[in-house]
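Structure below; questions to follow.
Chain IDs A, B, C and D follow the sequence of writing; residue 1 opens each chain.
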Amino acid sequence: MARVKFDDVTKVFEDTSGPIVAVEELSLDIPDGEFVVFVGPSGCGKSTTLRMLAGLESITDGEIRLDDQPINQMSPRDRDIAMVFQSYALYPHKTVRQNMGYGLQLSTDLSDEEVDRRVVEAAEMMGIEDLLDKKPGSLSGGQQQRVATGRAIVREPAVFLFDEPLSNLDAQLRKHMRTELSRIHSELGITTIYVTHDQEEAMTMADRIVILNDGKLQQVGTPKEVYYRPANAFVADFIGSPSMNFFDVDLRTESDGSGTLAGEGISYAVSNDVVEMVGGDGEYTLGIRPENLRIDSTAPDAKTFEAEVDVVEVIGSDNFLYLEVGGKECRVRAPVEIEPAEGETVDVTFDESDLHLFDRNTEEALVHGHERADAEPRTIEQEA
Amino acid sequence: MINETRRSRLVLYAALGAFALFALAPYYWVIRTSFLTNFAAIDPATNYLPALESLTMAAYEQIWERYNFITFFKNSILVSVTATVISLFFSIPGAYAFARLDFPGRKVLFYTAVFTIMFPWIVITIPVYEVFYLLNLINTLVGVMIALSIFVLPQTIWLLQGFFRQGIPENIEEAALIDGHSELGAFLRIVLPLSAPAVGAAALFAFLTAWNNFLWVFVLTSDEEVRTATVALHYILGSDVLRQWNILMAAVVLLVAPPVVFYGLSQRYVGEGLGGM
Amino acid sequence: MEESTLMDRARENWIGYLFILPTFLMFTLLFYFPIVRGVYMTFTNARLGGAGTFVGLDNYMWLLTNDLFHFAFGWTLAFVFGTTFLQLFIGLFAALLLSELKSGWREWASAIVMSPYFSAPLAGGVIWLWFLNSDFGMLPRLITDIFGVSTPAFLAEDLWPYVSLIVAQSWHDYGYAGIIYAAAIVGIPREQYEAAALAGAGRLRRFRDVTLPHLVTPTIVILALRTAWNVAEFAQPFELTGGGPGTRTMLMSILTYETAYVNLQFARAYTLGMAMIVISMTAAIFYVTVIQDEEEMYV
Amino acid sequence: MSQSSTGDGESTEPTEAPTSDKPSRRQFVQATAATATVGALGALAGCSGEQGDGTPEPKGDGGGTGSGGDTDSDSGGSESVTIDYLSAQAVENAGMKSHFQDSMKVFEEKNGNVSVSLQTASYGDIRSKLSSTVSSGNPPTFAEAGGGGLQFYLNDKVPDHKPFIESTDFLPNDFTAANKESAQYRGEYWSGGGMRHTNSNLGIRPKSFSEAGVSNPKKELSTWSGFLDAVRRIDKNQDIIAYEETGVPGDLESYWGYARTAYTEGTDPWMRGEGDDKTVVVANENHEDRGKTDGMIKTCVKMANEFSSEEAAQRGDEDIPSLMLTGRVASFNYAVPTASRWTSVKEDVKFGWQGGDGDFMLLPHPKVDSEFGNNFGISDLEGVEGEHGGHMWALEQQQCIFEASDAKQNAAWDLNMFLLSDNEFVLPAWGEYYEALPGLAPKLQEVLDEYDLAQSTEQAYKNADEYGVQYSTTGAAWDVPDVDPIRWTDINETISQAIAGQHSVEETPGLVRERILKRLGQ
């Protein structure tokens, strides 16, 4: 049980071509028992952060504290952590039982019976009690994953670390394991840090999501926060699937205080509220999620723009429409009854409360439509 | 493997047969000669398959009488085994460091090591002799052992680093660190036991290379007492007068048979993974 | 952000250095020091027993104007080219054939087929000397008996000594390529062949589309290593033709040996050695460049 | 006074003599220091071994021709020394090898405090072996250094041998002519002589020659014209190589031998003149003897081209017995006294003519007659007449003492005298195990008296005896430092290349000349 604190943590790798900053001045406070997911594209520094916490990478600068105790100089075995690797890293020459019990034998002075009791307990929890006497080589990927998780559970550590543990599994199993891991977390209540590049995994599992890019912290927040109030265009783009549509637009203020967002193939009238919030004319990036776009020929013209249908993907629950707007692709998640023919021109609209506006240069978020609209954020399910 | 037909099997066997012939025909002529008298070996009247009664062990007997082959073989075995052990002792950690640890200068050091594999040895015989003389190791078995250990070291490192790079699961040492091992412990208790097959293969190659080595043993010794079988063959060949083909070929058989048989017997155990990649 | 000093980094990675240190001490003793010394000697006129004085680039001038060196350099390149590729192809062919056998049979067959590689190179020279001997050798006798024609002197006549040297060397060393290829081929997942077969690919096409792509790295390794080793090869060609007849098959390695130990001109021998090193190191650099790319895949 | 000791001011009095073959600590320290100065290769050894006042102190009497046994009284008092002796002769064949091993024990018994560590290398390897040992400062005490010994002497690795030679009352007088010529360089003795010599002669297969109509080989084959005639007939009518040149550069001593047969009185065919003032005869347009020398070079190449196998340029002499005994070669010019070369191939070799049914017969090299040039189409030789003669191997067997302590050097000299003069070693060595001519002239008769020798051995002895000065050691009389590269590379390699078809017959002498001159720095 522990609280994890990152304090201006920096990691620099020396390379022949010069130093590479993998993590830059990361500060983060993770309270005891929280399930935190680090997410970001590959190379963003999320794994490095995790490995620094595990003690597998040295910390170039800054401090990591575990329950207020600095652990920078501590060796991995003294940190009271357990880690599950993407490759599982099971010992091929040991049985599942030995694999799971090995850490306990090395780092505690528990009796063999006690170790075995805990191993069996963890195995039951993971549903692998039948596999205890097999060697990893004869197990399927999913089974190996369970063993690796079981090996971490047995340790009853202060912190669980997961480094992309599910990315070698097929989609079905991955979904299943997600709920499994969430269940285990709620059962054990151990602080968990989980690294993934899959935003869906992050959204479904995390108490809080930490989004990293290029070694820099982008945003920390609950899944809803990062979904509805992305701090910048990167987060907006990264979270949500299919990802957000972006359009370069100029805001022209009308005499009545309202305005029009105009860009290539787009013209959309916005209320005074929005104009007020952005602070007047200028160049912005308009972001709008596919699930917030609607095909609606009845909507007012000022809030509609035309688009040509490129491709229609029927996935059962929804239809994914790929449209062309001003030469750019625009993705729409539409209800099943909306199924335009390819090549058809349709009218597209959205609610003002769903728009996001970003500074075109800094990419910082300026306006989230629903903030002023005061609408209770709708969940994806409701929308569907 | 797929769509087997009788005909393609036959073609396969025929091609393999041709290959075996190419590989073995020169050996056959050597073995045949070694079991004949010197004159019968050069007599055109002797058939390809000599009559049974013309076969004789005379050449081997003479070799045994004339040359101290027991000493030579004893030396060969002793230095080859020692060189194998020493080179493994050095190369296992070295190759491991090259393959799986990351530290400043690793690449440069690795390339310098690779460079030694490809170096034409004949160019440095005299300076090497000097070094060994300064260390008082000329004409000693210890000197030969050291020289051969270093001689086989580059290729052993090369083979092992390839294995460590690909044959050991990712992150396994890190898992061990987290489980409570020190870095050294992770290497000794986890990585090493996993490397047994690769170490076996590297040992085989090291042994064969040491056994077959001519140049260094030749340069560093002149006493018969410390001569190995390979160098002894050269001396038998090089003596000005002796061109007794049967004896020469018997010596070749004695020299070539152990490594070839040894390889034949052990390669199925060490099998694949010799590639060094 | 404070700068980490060299010492800090060394301390952080102590285990890596510790693991490598013994090896490098050994290498220094037997490689680096002698090499440096040898390079120095190329700028002196050191001879047998004589320390030699500094002569600048004289030895290199001698080298550049020496006809035999020109010939040996060219022939060494041809020899290395011929042997390396022949070893590569024979080895590949052997590995492909062996991969078709069932495991169990395969081990024994490969022990036989690869066996020449495990004989001492010195013995290889003697074996072929005897096998090709015009008067008592097996091959000339077989050819005469079967075809009724007299054979050329394989080690003396026309282009035959060149062919013989290349074939004998290839005989001895194709096993190296064979073993590496065999390991690579065994490592190719069966499913890939089955997928290709389902897609209607014939044997040749499967080889091209499935096998070949897996053999790129091994091929580069074999090419580079064998190039360097074939340059350095001494024992076998020395026993087989010794550079003769005349000096018609003089290789760099034999010329170096003779300059050092017959003419006792060490400095010149080392200078010749430098030329060998140039060839080997070209291969080495090529190789290092390639594995560097390769290695990045692991990072 | 050893050359190397001159000005060696830093020599110190040894506190104790080394008692084993390990280098003394002092040597070790010096060697280490020298190596620290990079580039001191070769400078390591020589001077460091010198001890005391630098003058080796040979003892008075070498022990007469009978035995070197009773002379150890002043070779270091009660000190015992071990000397390293590097020999190629000791491994020439099996019999020789055991004889050497036994003889070393005999020697040790006769010289109480000396023990010998016998090291061996074949003649093909002894040169490289010595090079590496001497260059790095670890020379043997005594070695069969051959022509390389001269190099070592000139580089101060080998002391002046004159004090040793003068310490005996029968040297250098009892040396064979070949040893006298070989052991000295411009008047200085750099070696203690060679144990034995062999000479090159004509070898024929009587069966082939009698079939070709030869009935009195000694007469009919005594001239090149006669020999050529017979060879031509054999070449035409028999399925055999009529004449095989042993044309690998290392075995063209055959040519060295018969090159002399265009001359008389032991005139050197290649080089004349004192000291550094050398006149090279080969292809020398201004020299009256040019035709004789060039003519024999051309004869060599032409004989090989017309009669020898394709492999002639690679043929080593050791191949010939097998070939002749299986009826593949009818004649060659590299026949040596050593009959065991033949019996080791076939036990019941019929030596000598045997009414035309012999397996192998040894004759003198044919001598050039006035018609030969015309007969063989070599205009240089027209009208030239010469004598029988051949090459005498003597340089190759020269044995040198290397720089070492006085006690070791003296022990080495004792060993040299033992090998030269002790009948217990000499007679079985050259009469039984390896038929050859002993290095001391008086021993020849003793060998002849003691053993019943094969025709080939006896004839070879006779040739050396009868045509004395014509059987000389090629190169020994030149007195040039580069004698070995000139003989083996400039002359032999060039001729071997010609036999291999790399040069034409006509251009060969010119190339030989060019290379010799370059070597001599002229």
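For the reader, a short list of remarks on this structure follows.
One rule holds in what follows: a residue touches a chain if its C-beta (ideal position, glycine included) is under 8 Å from a C-beta of that chain, and two chains touch if they have at least 3 such contacts.
Which chain is which protein? Per UniProt: B = ABC transporter integral membrane protein; C = Binding-protein-dependent transport system inner membrane protein; D = ABC transporter substrate-binding protein.
Everything numeric here is computed off the predicted structure, so don't read it as measured data.
Between B-C and A-B, more contacting C-beta pairs join the chains of B-C.
Nearest to the overall CA centre, using the mean of each chain's CA atoms, is chain C. Chain geometry summary: the mean Cα position of chain B and that of chain C are 15 Å apart. Note: centroid distance chain A to chain D, computed from Cα atoms, is 89 Å.
Averaged Cα coordinates give chain A a centre that lies 53 Å from the centre of chain C.
Here the spacing of chain A and chain B, counted between their Cα centres, is 55 Å.
Residue positions of chain B with contacts to 2 or more other chains are 42, 44, 104, 107, 125-127, 130, 234, 245. In chain D, the residues that touch at least two other chains are 41, 131, 135, 322, 326. Of all residues in chain C, those touching 2 or more other chains are 9, 12, 37, 135-136, 257, 260, 266, listed in ascending order. Those residues of chain B that touch chain C in the complex are listed here as 1-3, 8, 12, 15-16, 19-20, 22-30, 33, 41-42, 44, 48, 90-91, 93-94, 96-98, 101-104, 106-107, 109, 111-128, 130-131, 147, 149-151, 153, 157, 165, 183-184, 187, 208, 211-212, 214-215, 230, 233-234, 237, 245, 248-249, 252, 255-256, 259-260, 262-265, 267-268, 271-277.
Across the complex, chain C is touched by residues 38-43, 45-46, 127-128, 131, 134-135, 148, 151-152, 155-157, 247-249, 309-314, 322-323, 326, 328, 484-485, 488-489, 493, 496-502 of chain D. Taken together, the chain C residues at the contact with chain D in this complex read 36-37, 40-41, 44, 46-52, 134-136, 152-153, 155-157, 241-242, 244-248, 257, 260-266.
Across the interface of their complex, chain B is touched by residues 22-23, 28, 31-32, 35, 41, 44, 86, 91-94, 97, 117, 119-125, 129, 131-133, 135-138, 316, 318-319, 321-322, 325-326, 338, 340-341, 344-347, 434 of chain D.
On the chain C side of its complex with chain B, the touching residues are 6, 9-10, 12-13, 15-20, 22-24, 26-27, 29-31, 33-35, 37-38, 93-94, 97-101, 107-116, 118-123, 126-128, 130-131, 135-139, 141-142, 171, 179-180, 182-184, 186-187, 190, 193-194, 197, 203, 206, 217-218, 221, 224-225, 228-229, 231-232, 234-235, 239, 253, 256-257, 260, 266, 269-270, 273-274, 276-277, 280-281, 283-284, 287-288, 291-292, 295, 298.
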